[in-house]
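The following pair of complexes shares a single chain, chain A, combined with chain B in the former and chain C in the latter.
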Partner chain A sequence: MTASALPQILATGLLMGLIYALIAAGLSLIFGLMDVVNFAHGEFLMLAMYATFGFAVFAHLDPVLSLPLVAAVMFIVGASVYAGVVRHAMRSKVNTGMVQIFSTFGLATLIQGGAQFFFTPDFRNVDHTWLSAKTLDLGGIFLPWSQIFGGLISLVAFGGLYLMMTRTDFGRALEATREDKGAVALVGIDSNRVFALGWGLGAALVGVAGAVLATSYAIHPQVGAGFATIAYITVALGGFGSVFGALVAGIVVGLVEALTANILPPAMKSMGIYALYLVVIFLRPQGLFGKL
Partner chain B sequence: MKRRQALIGIAGTVALNGAFTQALAQKGEVVIGVIYPLTGSSAQVGVDSKHAIDTALEIINTASTLDLPGARNAGLAGLGNAKVRVVYADHQGDPQKGRSEAERLITQENVCTIVGAFHSAVSATVSATCERYEVPYLCADSSSPSLSRRGLKYFFRTSAHDEMFSEAMFDFMDAMKSKGKPIGSVGIFYEDTIFGTDSSAVQRKLANERGYKIACDIKYRANSPSLSAEAQQIKTANPDVLLPSSYTSDAILLTNAMASIGYKPKNLVTQAAGYIEKPTLESVGDKLQGMISRASFSADMGDKRPSAKAVNDMFKARAGRDLNDQTSRVFTAMMVLAEAIDRAKSVEPKKIREALVATDIPGEKTIMPWKRVKFDATGQNTFASPVLIQFKAGKFSTVFPFEVATATPVWPMNP
Partner chain C sequence: MSIPSSPAAVPSSSSSSSSLLAGVTRHRRRQLIEAVVVFALIALLPLLVKNAYLRNVIVLTLMYAALAQSWNILGGYCGQISLGHALYFGVGAYAVSKLYVSYGVLPWFGMLAGGGLAVLLALALGYGTFRLKGHYFSIATLVIAEMGLLIVHNWDWLGGATGIQWPFGPDSWATLQFARDKTPYIFFALGLLVVTWLLTFFIEGSKWGYWWRAVKDHPEAAESLGVTVFRSKMAAAALSAFFTAIGGGFYAAFVSYVDPDSVMHFRFSLLMVLPVVLGGIGTLWGPILGAAILVPLSEFTRSYVGGSGGGLDLMLYGGLVMAVALLKPEGLIKLFARKTRIREAAR
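The block that comes next holds the complex of A and B.
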C-alpha cells in the first residue's frame, strides 16, 4: 500500500461502510425491537433489488425515483412476514429463540428458492440509470456516484430513524414495547401492531438499501447472502439493540475491510473485520454501543 | 419390534428400488448421472449445462443426419438401440454436496458414469468418489490442471486444462511481441478456490519462464460484496496485460469497480469462466470491448465444423442463447461418452472405462476446433487444442492461433 493511495482507500471504505450500515439498519431495528435475528435479511435485500429491477423494466422508473415505492413494497413484505411467520414462531412456549431462528432461516431458503424458480438464476441489471457508471473525480480520488448516493441516503435514513424514534408517538411505542411487552398492553398499545409496523419499517429500510445497490450491482437470487453476512457482523459489532451503533459499526467495517484488503492479500480482507469483532467481544461483549 | 420391522421394510424397499433401476438399465436404458450447480450463485451455468446435455440427448436418442458419432440411429446401436437417460444432481458449487450427490447417483440411482461439474473444486471430490466406486467420471468443463494429475484410473477430461489454455495465452503474447507490440508486464488476478489458484500458478510460472514482469499478483475472495480495493491495486500496478480468472458475479463486479475508479486495463486476456457468460456480456459488455478470452469453441467456426451450426440452433431453441465455451464442452463430453458406451456394448462401468481409454474421435466428428478426442494415460485429451477469441461489437471471433483465426486481433484493447 502506498501513501498516495490512502485517501482513495479511505474514501471508498467510508462510502462502502455507509452502505453496509444502511443494509444493517433494518436488521438492527428488528433485533432491537424484539430480540429476533432475521435470517432472511439478505433475501429481503434480494427481493428489494428485484423490485427495483421490476419498476425499471415495467414502469421505466429510475431507481432514484422508485426508491420510495420499493420501500413501500418491502414495508408490506416485512409486515406480512411478521404476521404470517414470526408472530407464530413467538408463540412457542419453549426454545422461542431457536424457533424464531429456524423459522426465518426456513423463510430465507423458501424466498431464495422461489426467486430462483420465478425469476430464474439469470443475472439481471438495471441498465442506464442516472447514477450507474458515473464517477466523480475529486483531484484523483474517484468516487462512483452510485456509492455517493448510497452514502447520502444512508445518512438521511439514519437521521430519519433517529427523529422517528425520539420525536414520534410511534417511536416511543416501539421503545416502550421493546422494554416491556406486558406493561404496554396495560396502557392500550397493541404489541402485535407495533411489532408488525417495526418489521415493516425494518424491511422498508433494507428496501431502500436494495434500491441503492441495484444501481451498481447485478441482481440474482443469491445476491443478498454476501451482504447479509456483513450486516450480521455490523449489528453485532455496533451492539445488539443499538440502531445508532449499526451506523458507526458499518463505517468501521467498511474502513477496516478497505484497509485490510490493501495491507493483507485481498482474499483475507474479511479477516480484519472478524479480528476486530473478536477484540470488541473481548472488551465489550455487548458490542460497541450495545445496551443489552 | 415395530421399529425393527419398519427398518427391515425400509431396507427392503431401498434394495428393491436399487434392483429395479438395475433391471431398467439392462432393459434398454442407459442411466448417466450429470452433476452441475443447478441452484446457488452459479445456477445459471448449471441450467445452461442442462440444456446442453438435453441437446446431446436429443441427438443421441433420436435419428439425426448430423455428422456426429451416435447421431445416425435412435439410441445406442451397440446396446440394441437402448435410450440414454440422465439423472441430474445439484451440487450448488459446494465440493461436499458434490461428493454426497455423486455417492447418491452411484448407489441409489445406479448410474454407470457421471458427467460434471463446472467448478474444479467440485470435480475434485466427485472424481475421487467415482474412483472409489470404480465408475468413470467424465469431466466436461473443469479446467484445473491438477485434476488429471492425481493418478485416477476413472477420470477422463475431454477439454483442455488451464495449463494448455494459459500456454496459448502466452504463445499469443509472444507472437504479438514479435510483431512489435510492447508487452512487458502481466497482472494476475484470481479467485481463491482451486480454479483460480491453479490457473494463477500456471500463469505465474509461464510469466517467469518467458520473461514477463508480474506487475501484480492478487488473490481475492470469491463472491465478495465489493472488489473496490482490488481494482485500486490493479490500477496502481497498471499491467500491460491483465489475466483474470473469475466466475460470473466477480467478473461483473470487478469490471464495474475498475470503471468506477476510471481505470481501463490496457489489455484483458481472461481464463473464460465468468467473462464469457451471457449475463456478464449483457451487463458490462460495453466495458469489455476488445477483451480476449481462451476458448474451446467459437460460433464463427461454422465452415470448419458444419455440425456446429446445427447443434447451436438446437441448443438455442432450448436455452434462448448461443452455445459458448462452457456449454459446447458439456455437449461434447456427453457425445464422447455416448460413443464410448455404444462401443462398450455394456452399461458395466469397467467396460465403459475400457471403451473410454480406447476413444479416438477425429476433430471433424465434433463441434470443437480440436484435432481429435483421444485420452492419454492420465485421462486427459491432449488434442483439445485451445483457441483465443476476441470480443468486439457484441460478438466473439477467433484471433489465435493465426492459422485458424477469422479476424486479426485488436491490440492494445485500450490504448
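The block that comes next holds the complex of A and C.
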C-alpha cells in the first residue's frame, strides 16, 4: 500500500461504511426500541434486493425510482413480522430468551429456504441501471456512482431519522416507549402499535439499503447472511440501540475493511473488522456509544 | 439455596423433604432404565436395517443427537445460547485429519487432542465473551465462528479452501476407516451419544446442574447465593466444546475428508442447535428426540427433492423451529412429560 493510494482507499471505505451504517440502522432501531435482535435482518435485506430486481424486470423501473416502493413493501413486511411472530414471542413465559432468538431465527431460515425454492439459487443482476458501470473522477480518486448514490441516500436516511425522532409525535412516542413501556400506556400510547411501526420502519430502512445494493451486487438467497454479520458487528460496535452510534460504527467498519483489503489478501478483507469487533467486546462490551 | 426451577428433577406430587428425595431417586432410576431400553433398541437397529443409505441416516442422526446433547450442556442447562459451535466441530475435525494425514496419529488420539484444543479455545473465548448477556453473547459466538471459518479458509497448512483428503486404507477400528460396511460408525456414534447422555444425566443430579440452571434462570440471584456465575459458565463451555470437537473428529473420520465449508459452515452451528430447540432446551431427552425428527426429515427431503433440497429442507427446518419456539417453547418432549406427570400424580 502506497501513500498515494490512501485517499482512494479512504473514500471507497467511507462510502461503503455509509451503506453498512444504513443496513445496520434498522437493526439498531428495533433493538433499542424493544431489546429484541432481529435474526432475520439479513433475509429482510435479501428480500428487498429481490423486490428491486422484480420491479426492474417486470415494471422496468430503475432501482433509483423503485427505491421508495421497495421501502414501502418492506415496511409492510416488517410490521407483519412483528404482528405475526415477534408479538407472540415477547409474550412467552418460559425460555423467554431462547424463544426471542429462535422465533426470528426460524423465520430467517424459512425465508432463505423460500427464496431458494421460489427464486432458485441462481445469481441475478439488475442490469443496465442508470448508475451501474459509471464512475466519477474526483481529481484522481475514482468513485462508482452507485456507491456515491448509496452514501448520499444513507446520509439522507439518517437525517430523516434524526428529524423524525426529535420533531414528530411518533418519534417522541418511540423514545418514550423504549424508556418505559408501562408508563406510556398511561398517557394513551398503544405500545403494540409503536412496536409495529418501529418494525416497519426498521425493515423499510434495510429495504432502502437493499435497493441501493441491488445496483452493484449479485442477488441470491444467501446474499443477506454476509451483510447481516457486518450489520451485527456494526451495531455491537456502535452500541446496541444507539442508532447514531451505528452511523459512526458503520463508517469505521467501512474504513477498516478498505484498509484491510489493501494490507491482507483480498479474501481476508473481513479479518480487520472481526479483529476490531473482538477487541471492542473484550474491552468495552457495551460498544462505543452504548449502555449495558 | 432455593431449588431453581427444574422441570425434570422435581416431581410435583411430593410434599415432605424425605419423600421428595425418594421421588427424585425414583425418577432418576426410571430415567436410567428408559435410557438402557432406548439405547439397547438403537444398538439392535443394524440387525433390522440393511440398506446402506438408511444406515447412513442412522449414523448422522446419532451424531447430531450427541452434538445437540453437547450443545445443550452450555445452551440448555447454563442458558448461554451459542450460535457458533461449528467452530469447535471444525477444530475437532481438522485436528483429527491433520494429525492423521500428516503425522500418522491415530484418530482416537487426534480426537483427544482436538477436544483439548477446543477446551482451551472455549476457555479463552469464554474469558472475553461471558461478560456479554443474552443476545450479545449469541452474536459474539456467531461472529467468532465466522472468523474461524475465514482463517481456516486462508490457512495453507490446513489445506486452505481444498481442505484435507484422507488416504484410502483398509477397514480398521484403529484408524476408524470402514469403507465397505458402515455399521461400526453406528456403534461409535451411539457410544458418543451414550457418553454425552450420561454426562447430562449426572449434571442434572449434581450441584453443578443446580448451579447452572440458577445461572440460566437468574444470574444475579445465583451470584448472591454464592454460585460463581463466571466459573459455572466456563465449566459448561469447556465440557460442551470438548464433546462437540469429539463429534467433529468422528465426522471427519466418517466422511474421510474435511474442507472449511463442509465442517465449519454456519450450517453446522444450526444443526447442533435446532434439534435442542425442537425437542426441548435444557432437558435430558429433548436433543435426542429433536435429532430423531430433524435429521431423517432433512435427509429424506433432500434425497426426495434432490441436490440441496431446492430450499424445501430449509423451509421445513425454519418453519418447525419457529412454530415450536412460538407454540411449544418447552419443546416437543413436553408432550411426553405431561403424560408421565399425570401418571405420577395419580399414584
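In the analysis below, the second predicted complex is superposed on the first by the 288 of 292 C-alpha atoms of A that agree within 3 Å, B and C clash if a C-alpha of one lies under 4 Å from a C-alpha of the other, contacts with A are read in each partner's own complex, and residues count from 1 in each chain.
The rule is short, and it goes like this: a contact is a pair of C-beta atoms (placed from the backbone, for glycine too) under 8 Å apart; a residue touches a chain by one contact, two chains touch by 3 or more.
Please read all numbers here as calculations on a predicted model, not as lab measurements.
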| item | value |
| --- | --- |
| Fit or clash between chain C and chain B when superposed on chain A | clash |
| Which superposed partner A:121 touches (first chain B, second chain C, both, neither) | both |
| Which superposed partner A:85 touches (first chain B, second chain C, both, neither) | second |
| Touched partner set for A:205, first chain B, second chain C, both or neither | neither |
| Touching partner for A:243 - first (chain B), second (chain C), both, neither | neither |
| Which of chain B and chain C A:113 touches, first, second, both or neither | both |
| First (chain B), second (chain C), both or neither touched by A:270 | both |
| First, second, both or neither for A:5, with chain B first and chain C second | first |
| First, second, both or neither for A:49, with chain B first and chain C second | neither |
| Which of chain B and chain C A:102 touches, first, second, both or neither | second |
| Clash with chain B, by chain C stretch, listed 110-118, 254-262 or 272-280 | 254-262 |
| Contact residues of chain A, present in both the chain B and the chain C interface | 113, 116, 121, 221, 225, 265, 267-268, 270 |
| In the complex with chain A, residue positions of chain B that touch it | 39-41, 43-44, 46-47, 192, 218-221, 223-226, 228-230, 232-233, 236, 248-249, 252-253, 256, 259-262, 279-280, 282-283 |
| Interface residues, chain A side, partner chain B - complex | 2, 5, 8-9, 12, 16, 113, 116, 120-123, 125, 127, 133, 135, 137, 142, 144, 146-147, 216-218, 220-223, 225-227, 230, 257-258, 261-262, 265-270 |
| Residues of chain A that touch chain C when the two form their complex | 37, 85, 88-89, 92, 94-95, 97-103, 105-118, 121, 221, 225, 229, 232-233, 236, 240, 265, 267-268, 270-271, 274, 277-278, 281-282, 285, 292 |
| In the complex with chain A, residue positions of chain C that touch it | 79, 81, 128-129, 131-136, 138-140, 142-144, 146-147, 150-151, 153-154, 266, 270, 273, 277, 281-282, 308, 310-323, 325-326, 329-330 |
